[in-house]
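To keep things simple, chains are lettered A, B, C and D as they appear, and every chain counts its residues starting from 1.
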Amino acid sequence: MMNQIHTSTVTVHFGDCDPAGIVFFANFSKWMDDASHQYFWKCGLPRWADYHRATGILGTPLVETNHRFVAPATYGDVLTITTTVTEWRARVFIQTHRITRGDTLICEGRETRVFVRPDTQDPTKIKAVAIPADVIAACAA
Amino acid sequence: MMNQIHTSTVTVHFGDCDPAGIVFFANFSKWMDDASHQYFWKCGLPRWADYHRATGILGTPLVETNHRFVAPATYGDVLTITTTVTEWRARVFIQTHRITRGDTLICEGRETRVFVRPDTQDPTKIKAVAIPADVIAACAA
Amino acid sequence: MMNQIHTSTVTVHFGDCDPAGIVFFANFSKWMDDASHQYFWKCGLPRWADYHRATGILGTPLVETNHRFVAPATYGDVLTITTTVTEWRARVFIQTHRITRGDTLICEGRETRVFVRPDTQDPTKIKAVAIPADVIAACAA
Amino acid sequence: MMNQIHTSTVTVHFGDCDPAGIVFFANFSKWMDDASHQYFWKCGLPRWADYHRATGILGTPLVETNHRFVAPATYGDVLTITTTVTEWRARVFIQTHRITRGDTLICEGRETRVFVRPDTQDPTKIKAVAIPADVIAACAA
């Protein structure tokens, strides 16, 4: 089953760049994280803060990330982030992002995320839950 | 003499917010700095990196900033930054920014900046120069 | 009445620096904000999160900042931040920070902060309260 | 052949944390990048900026990163970063970092890096070079 694909854009700021004059790599993962949030809104889901009030689920923290840096970008560049969900497993899902500038691939990212809620035994802790069915339905292409 | 007024927008990311759930204040000054760059481009000047190659001038580092935080903003908010130059002095100039969300004032900033070039005595150092006449002309309303 | 003076240190990271090879200015204000937290701990007060549980007070958000940038710093530099409270007013207080590298002054900052608690009318809002007497006592030199 | 293992520490700042009150994940990769720089200094090599002047080599940009997030950390925490090089290949090397708080593993990272120099055909571009023999020798345990 395919999921929807959404794009967002980001303009690189001077302060996003490092002494080499190019985007400091950690900013790519920050932007992809934001694209993850935007992806679910564009699929019609509420913001996670509102979803939390309705369901008790807190959002989708990252378990693992993989980033591949292909070409540099610099300030003034307008980048496109193309995001989808490539796999729903029982308790984790895989979200991928491609950052491009025109036809040039800048960076690829693959995030492993979970849905969590507060632990009923110890509410200062969180635990992973099954992927909510309404999320899966909302993202389907 | 009045100068041009330009606006830019920024979308607040989850990663821009702090444990209080609101924009971490230092991001406002980062965004205003970017708005400073964009302001001069919108006035028709080249990027400072290109201006440097043409003139030897390196850009407009900050000498002093003043920020007033009026209301919070959070992730998902789309903010408008309204930027102008309020004063050209002999060796410094004043650039101001207002960040708003709709009609709500979020933050005001006032930056004191200089134009610099490498010091001819010691090229690892920089020194302030007179405000370039072409910059003043380009920004005039 | 004088207040205690405390110092903390920060090592500049590559990723803290901008395309000019020097600390991106907004990081100085981030470090000073952290020095504000550390200052109160060093005066013997609990972390604001713990203070909140005990008193309902949420911390000390910024109302206004003023920064003066005197000399650049770069990655690998170890900076000292010297922090004090220079003034307690009825509802705001002034905290100042000097960042130095050895004998060289890098940056000065002056923060206007308030103590806040949730608004009893609307708990999603906050309102400023009188400076707590135990805070004033703890910080006295 | 084993390489040296070095540690560095970082104190988590309020501004490093996100609305969940925990370290925003991208900061872990920023800190590991800094630990990479520190690792080579601790092995007796010069800063990359000085190494560049001596050899023409510009540093060690990232080609790929993999991060695994095991437990959260929050502001005030003092984290230890344990860094080594696990593999030298012809043109890439693998650097790994473990971030711990006491005995608790917080985050693991694996970076694939290259050594680069300006492209002789087009000095605005960079190209990967063989891992310098003096670097390999300096890092050996």
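The working rule: a contact is a pair of C-beta atoms (placed from the backbone, for glycine too) under 8 Å apart; a residue touches a chain by one contact, two chains touch by 3 or more.
What you see is a predicted model, and the numbers here were worked out from it, not measured in a lab.
Asker: Shared numbers divided by all numbers used: is that above or below half for subunit C and subunit D, i.e. same or different?
Answerer: Because over half of the interface numbers appear in both copies, subunit D and subunit C meet with the same residues.
Asker: How many degrees of rotation bring the Cα atoms of subunit A onto the matching Cα atoms of subunit B, given to the nearest 5?
Answerer: The two chains, subunit A and subunit B, differ by a rotation of 180 degrees.
Asker: If you tally contacting C-beta pairs, which pair wins, A-C or A-D?
Answerer: A-D
Asker: Quick check: how many Å separate the C-alpha centres of subunit C and subunit D?
Answerer: About 30 Å separates the centre of subunit C from that of subunit D.
Asker: When the centre of a chain is set as the mean of its C-alpha atoms, what distance in Å lies between subunit A and subunit C?
Answerer: Spacing between the chain centres: roughly 32 Å.
Asker: How big is the gap, in whole Å, between where the Cα atoms of subunit A centre and where those of subunit D centre?
Answerer: Spacing between the chain centres: roughly 24 Å.
Asker: Which residue numbers or ranges of subunit B touch two or more of the other chains?
Answerer: 14-15, 20-21, 24, 26, 30, 33, 75
Asker: Quick check on the complex: what are the subunit A residues that touch subunit B?
Answerer: Where subunit A meets subunit B, its residues are 11, 13-15, 21, 30-31, 33-34, 37, 41, 47, 49, 75-76.
Asker: For subunit D, which residues are in contact with subunit A within the complex?
Answerer: 19-20, 24-27, 29-30, 33, 49, 58-59, 61-69
Asker: Spell out the part of subunit A that touches subunit C in their complex, as residue ranges.
Answerer: Spelled out, the residues of subunit A in touch with subunit C are 14-15, 17-21, 24, 26, 74-75.
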